[in-house]
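Letters A, B, C, D, E and F name the chains as they come in the text, with residue numbers starting at 1 for each one.
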Amino acid sequence: MPVRDEVTVFEAAYARRLPVMLKGPTGAGKTRFLRYMAWRLGRPLVTVACHDDLTASDLLGRYLITGGETVWIDGPLTHAVRIGAICYLDEIVEARKDTTVVIHPLTDDRRRLRLEKTGELLVAPPEFMLVISYNPGYQSLTKNLKPSTRQRFVAIDFDFPPPDLEVEIVAHESGVDRETARRLVQLGGLIRNLRDAGLDEPASTRLLVYAGLLIHSGIAPRRACELAIAAPISDDPAVREAVLDLVATVFPE
Amino acid sequence: MPVRDEVTVFEAAYARRLPVMLKGPTGAGKTRFLRYMAWRLGRPLVTVACHDDLTASDLLGRYLITGGETVWIDGPLTHAVRIGAICYLDEIVEARKDTTVVIHPLTDDRRRLRLEKTGELLVAPPEFMLVISYNPGYQSLTKNLKPSTRQRFVAIDFDFPPPDLEVEIVAHESGVDRETARRLVQLGGLIRNLRDAGLDEPASTRLLVYAGLLIHSGIAPRRACELAIAAPISDDPAVREAVLDLVATVFPE
Amino acid sequence: MPVRDEVTVFEAAYARRLPVMLKGPTGAGKTRFLRYMAWRLGRPLVTVACHDDLTASDLLGRYLITGGETVWIDGPLTHAVRIGAICYLDEIVEARKDTTVVIHPLTDDRRRLRLEKTGELLVAPPEFMLVISYNPGYQSLTKNLKPSTRQRFVAIDFDFPPPDLEVEIVAHESGVDRETARRLVQLGGLIRNLRDAGLDEPASTRLLVYAGLLIHSGIAPRRACELAIAAPISDDPAVREAVLDLVATVFPE
Amino acid sequence: MPVRDEVTVFEAAYARRLPVMLKGPTGAGKTRFLRYMAWRLGRPLVTVACHDDLTASDLLGRYLITGGETVWIDGPLTHAVRIGAICYLDEIVEARKDTTVVIHPLTDDRRRLRLEKTGELLVAPPEFMLVISYNPGYQSLTKNLKPSTRQRFVAIDFDFPPPDLEVEIVAHESGVDRETARRLVQLGGLIRNLRDAGLDEPASTRLLVYAGLLIHSGIAPRRACELAIAAPISDDPAVREAVLDLVATVFPE
Amino acid sequence: MPVRDEVTVFEAAYARRLPVMLKGPTGAGKTRFLRYMAWRLGRPLVTVACHDDLTASDLLGRYLITGGETVWIDGPLTHAVRIGAICYLDEIVEARKDTTVVIHPLTDDRRRLRLEKTGELLVAPPEFMLVISYNPGYQSLTKNLKPSTRQRFVAIDFDFPPPDLEVEIVAHESGVDRETARRLVQLGGLIRNLRDAGLDEPASTRLLVYAGLLIHSGIAPRRACELAIAAPISDDPAVREAVLDLVATVFPE
Amino acid sequence: MPVRDEVTVFEAAYARRLPVMLKGPTGAGKTRFLRYMAWRLGRPLVTVACHDDLTASDLLGRYLITGGETVWIDGPLTHAVRIGAICYLDEIVEARKDTTVVIHPLTDDRRRLRLEKTGELLVAPPEFMLVISYNPGYQSLTKNLKPSTRQRFVAIDFDFPPPDLEVEIVAHESGVDRETARRLVQLGGLIRNLRDAGLDEPASTRLLVYAGLLIHSGIAPRRACELAIAAPISDDPAVREAVLDLVATVFPE
C-alpha cells in the first residue's frame, strides 16, 4: 500500500479553493489531520461541533442587547470568513438542515456568505476554506447529507493509521515502552476485526492511548485495557467477554 | 434534438409577468441559468436557499430593536419586491408550508405582497419576477408542493448539458485539456446511466469540474476521480466499486 | 343546466348574516367570485391565506413594543370586524385548530369577537361577513374541518366554468384568438377527465391562461402547453406522457 | 317521555356548588342552555372556546409590559372567579392537559385558585360555578378526559330537542311558516337516522335554521337544503346523494 | 384487617426526614390524608398539580422584569424549602422528566436545592418534607417513574375507605340520612367490582358524595346516581347500562 | 475477589487528566464514591443532574438582563472549568444531544471550552476533571451514548457493595443493630437475584437504609420492608407478592 496522499490532496484543494469532506470512523485522526494542515498552511482553525440544536444563527451570528444597544456578534462561520480561516464543521450530519443549507453559497464558485439579518454580503477571501467531517459508519435513515450538499465537496477517506505509525503514536502520547505500545496496537487490530460481531464502532487510537496512560501510571495492563477499552466500547456482556479474551491473549501474564 | 429554448421561454414569462419554476436534478445548471438570465435582463437577483426552519418572517422581514426603537427590516422577498428584482427561492419544497403560502398573492394576477406586521400592501413593479427551483428526483411523500402552489408557475425542465457543451464547461472551468475533459464527461455519462443501481442523484457537472481541478493540480486522474466523484456520490461500497470500475475504464492507464 | 345561482345565494346569506363556505378545486374561481361579490356589495375584502403556522394571534392581533410603549396592533380578522369588511380565510383546513376555534363566536347568532389580550368584546356590525374556502379534493385524514366548525356555514359548491365561459376568459386574459382559446379549453376538459389516472388536481383555468400567454408571446402551442400545463401538473412520467398525447391531439400541427 | 329536568338539576348543582359537565353532540343546545341558565341565575357568563394551543396562562392570566411597568392581566378563568361568574370551558378535551389540571383545585371542596405567578390564592365566592362541555361523539384515543378530571363533575346529557320544540325553534329563528319548519325538522330526523351510514355528526338544529333562513330569502327549499344542510354535512358523494334523496322526499315539489 | 397505620408511618418518615410517595386510585383520599397530616404536624402545605407542561422553572422560580429591574420570584418548591413546608407534587408522573430530576438532590441525605439561575444553594430545614402522589392504575408505557426516582421514597398504599367509614363520610358531607348513605356506599362497592368490565377507574368517594348532595337537594335517587355517577364514569353505552342496572338494584323504588 | 481499585484508578485518571465514566445501577454508590474522591483530592464538586430539557446554555451559561445591562452568567460547566473543579454530569444519557457534544472539546487533549456567545476560549486548568455517570440497565434504543462520546472516557464499573460493607453502611446510617442490618442486606441480595423476574432495577442500598430507619422508629420490620422496599420497587402485584414472600423468609416472626 503506497504512502497516503492526504497532505497533497488537501493542499491541492486549498489552492483550488475547493471545500473538503473528511470521511471516516471516530478516532481515525480526521481532527488531528486538520489541525496539522491548518498549522502547515499557516491558517487559523475555527471548529464547530455540530449537534441537533445548532441553528443557522449559531453559525452566522446574532444580535445581542448590550448597554441598551443592539450589537451584532459574528458566529464562528462568519468569523472564519472574515479572517480567512479554515472553518471545520465536525459531524455535519448531526446539524439541522438549515445549517447545511447555510453553507451552500460558500461552496459554489461565488464563495459568498449573505447575512440576511445585517444585510451584509461577505465574499470569502482566498485563504478561507470550508471543511466538514462525516462518519459513514453510524448514519441513520433520518440523518444523512442530501446529494445537493454532498456533491459540493472533495472527499478524503480516513481509516486508522497503519500499525507502525499507530505504535509510534501510542508510545509517544502515553509514555509506555514500544513493546507495550505494540501489544496495545495489536489488541486494537484484533478488536477492529470484531466489527461485525456487534460493535457499533471499532476501538479508536485514543482508547489505546488511554490504556497506555493508565499502564504508565502503574495500573496492571489487563485492568487498564478493561477500564479504557472494554468498558467504553460496549455494554453487551457477550461482546465485553470477547474483548477481554482478546486482552488476555495479548497480555498473557 | 433542437437547441433548447430556455432563454426565449424565460423572456416570454418575464414579459408576461408569469412566475417560473425551474425543475431538474442537482447540478443541471438551474442556478447558473438564472444568474445568466438576471444579467441578461439587467435585474438584480435575490437568492434564498430554502430549508426546514425558514419562516415567513425570514422572507418578509421583522422588527428589530435598535437604539431603543423598534425598526422594521425587510426580508429578502420584500426587498426584491421593492426594488423590482428577480427573487429566487431555491429548493422551495424544503421550506415550511407557510413560506409557500406567503408567495401566493405574488403569483396571481394582482401581484401583491401584504406585510401583516406593518400593515403595508406592496404592489410588485413590472420588473419583479418570482422564480422557484424544484428537484423532482428526491422529493419524499411528506415534502411536496401542493397543487394550489404548483399550478401558479410556468415550469422549465432542466437536464444535464449536452456532451459537447459539458466538455467545454469542464475544460474551461478546470483548466484541463479537451481530451481529459472529454473523458470526464464520458465518465459522468456512464455514472448517470447507473442511476437505477442505487444512486440517489447522478454525478453533477460540478463534480466533473472538481475532478478536473485536482487533475490540473497534478493529482493522478484515477485518484482525482475517486476523491471528487466516487467518494462524494455514495457511501455504499458496492456502488462505489462500480463507479471506480467505470473510472478505470475511462482512464485505463 | 340552468344558470348558477351563486350570486343570489351569496346575497341571501349576506342579508341574513350567515357565514359562507366556498367549496371546490383549485382554480375553480372561488377567490375570483369572492372578489366580485365584495365589489358588488361594496364592502372591503380582507384575505388571509391560512397555513400550518398561522396562530390565533396572527388573526386577532398582538402587542408590539414601539417607542418604549406596548401598542396593540389589530390582526386581519379583528380589523375586518371593526370596519365591517368581508373576511376571507382561504384554505381554512391548513390552519391550526386554534384558528378554527377563534371564529366560532363570530359564526353563531351573537357574532362577537372577544380579544382576551385586551379585554375587548367586539360585536360585529351587520356589514361584517365571514367566508372560508375549502378544497375537498386533497384533504388528508389529519387535516379536516371538525363537524362543529363545518356546520356553522352555508356551503356553495364551485366547479370549473362552463366551456363557453372558460373560452371567453382564456381569450380575454391571454390575448389569443378564440380558436386557440377553444382548443386550450378543450385540452383542459380532456385533462380533467384524466382525474382518476393519478392526477392530484385537474388543470385549472389559470394554467390555460398561462399557456395562452406563452402562445401569444410566440412560443409554439405544443411547447407552451408543455411548459404551462404538463410540467406544472405532474412529475410522474406516465401522467406527463398522457398529457402530452392530449396536447398533440388538440394541437395536431 | 317526561319533561326533562335539566333546569332543576343545574339549579341543585349551583346551590350545592358542584361543577357541571354538559355532554352531547354539536348543536344539541348545550351552549344555548347555559346562556339561559346564566340569565336565570343572574350571573355573568365567561366562555372560553378550548383548543390545542390554549395554555394555562391563557386561562389564568399573564404579565404584560405597559408603560415600562409589568402589569398582571387576569385571564378569563381568574376573572370569572373574582367576579363570581359562571365560567364555561367549551369542548374541554381540545385543550392541553395543563388546562385540565389547572381547574382541579377549583373543583374540590376548597374551591381555590392559586396564581403561581403572582403568589395569590383566590377562594371562589359561592356564586362562582365551573361548567365544561364534552362531545362523546368524536373523541379520539389521544384526546380524552382523564378519570381524575371527569369524576369531579355532575354530568347532564343533552340530545336534540323533541320535534315539537324543534319546529318552534326553526320557525321562530328563521321566519318560515310552521309547515316548512315541520318539514325541515322531519328532514333533520331522517338525516339523524343516517348516523351509522358514515356521517360524523348528525345535522344540528342550527343547520335547519340556516336552511329556513335561505328559504325565507326566496331560495327554493330543495336548493336551500342542499346549500345549508347537505354540503356542510359531508364531502362524501354517496352520503351527499343519500341526503339529497331525503330532501326530495320531504320537499317533493 | 387491623386499623391502618398511615399516620404512624407518616410521622416516622417525617421524623426521619424521609420523602414519602402516596400510591392509590383517584378519590382514595390521598390528598385528604395529606391535608390532615400537615394540620397534625403543624406545617404549611404547598401543593403543585403536575402536568405535561410543568417546567423546572415553574417549580424553582424565575426572573421577572418589574419596574425595569429583574427580580427573582421563588417557585412553589423553593418557597416550601425556604419556609420548611410540606411540598406535595400531585400526580408526579404527569410532569416532564426535568421536574422529576429537580427533586433528586432534595431526596438524598444532603437535602439540598441548587438554584442554577441565582447561584443559591439552599439546605432544606428539618421541617421540610417532600411528598408525591402516584396512581398506578392508569400509567402508560411512556409515563412512568424511573427506578432512580421511585427508589427515593417510602411508599404508603391507599385504597378506598372501609365501608363503615365511607358511609360516615358520605352522610356527613352530603347531608343525606345514614340509610341513603349506606346504599350509595353499597352502590360504590358494586361498581368497583365492575373494574374489569371496561371501567378505567372505579367510582370515587367524591362521586358518592355528589350523588348524596343531589338527593339531598330533592333529585330522585336514581336520577341523582345517573347524573353524578353513571355519566361521569363512562361514555360506553354498555358500561353505562350495567351501572344503571346496579343503581336500580340498590334503589329499587 | 480482590479488593477493588476504584480509588487508585480514579487517582491515575485524575493525574493523567483523563475524563472518567462511572457505570452501574442506581444506588450502587457512584455519587457517593465521587463525593469521597472530590474530598480526597481536595477539589470542589459541581454536580449537574441531566434531563431531557437540559440545554447547552444551561451548562455553559447565558446572558441575563439586570439593571438594564446584559450580564453573562456562567453555567455550572463553565464555572467548574474556571475554578478547576470536578464537574459531574449525572445520568448523561438523559440529556439532549447538544449537551453531549458540548463536552467533546473538554475531553480531547486540548481540554478547551469555547463559549460561542461571549467569544471566550477557556483552557481547563490541570485540576479540572470531567466525570459522567451512566446506568446501562435501563437505556432505551433512542437514548444511548454515541460511540464518538463514549470512547472519550475511562470507564469504572460499579456494583452494589460487598455484603459485609453493606451491613456496616445500613447499620451506621439507619441506627438499627447489626443483626437487623444483616437481615436487610440478606433481603437485598435475595431481591437482586429476582432481577430477571420482571424488576426494572434491583433494590438499592438506599432502600435498605430507609427500611432500617423505619424499623428504628418503631415500625414492625415486615411492615417497614413493605413500605420502604416492596412498594417503591414495583407496581406489579405478582412481583410484589414475591418480594413480600422474601421479606417473610428473612423476618419470620
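Throughout what follows, a residue touches a chain if its C-beta (ideal position, glycine included) is under 8 Å from a C-beta of that chain, and two chains touch if they have at least 3 such contacts.
None of these values were measured; they are calculated from a predicted model.
S.K.: Farthest chain from chain C, comparing Cα centres?
M.R.: Farthest by centroid: F.
S.K.: How far, in degrees, do you have to turn chain B to put its CA atoms on top of chain F, rounded to the nearest 5?
M.R.: Rounded to the nearest 5 degrees, it is 120.
S.K.: Quick one: compare the interface residues of chain D with those of chain E and tell me same or different, with half as the dividing line.
M.R.: different
S.K.: In whole angstrom, how far does the Cα centroid of chain E sit from the Cα centroid of chain F?
M.R.: About 30 Å separates the centre of chain E from that of chain F.
S.K.: Which integer distance in Å separates the CA centroid of chain D from that of chain F?
M.R.: Using C-alpha averages as centres, the distance is 52 Å.
S.K.: Where in chain C do residues touch two or more other chains at once?
M.R.: 65, 68 - these are the residues of chain C that touch more than one other chain.
S.K.: Which of line, ring, star, complete and other names the graph you get from chains that touch?
M.R.: ring
S.K.: If you look only at chain A, which of its residues touch chain B in the complex?
M.R.: Answer in residue numbers: 5, 8-9, 12-13, 15-16, 18, 21, 23, 55-56, 63, 65, 68-70, 96-98, 100-102, 104-105, 108-109, 114, 116-117, 119, 136, 139, 146-148, 150-157.
S.K.: Applying the document's contact rule, which stretches of chain D touch chain C when the two form their complex?
M.R.: Residues in contact with chain C: 26-27, 31, 47, 49-54, 58, 64-68, 73, 75-76, 91, 94, 135, 138, 173, 200-201, 203-204, 206-207, 210, 213-214, 216-219, 223, 227-228, 231-233, 235.
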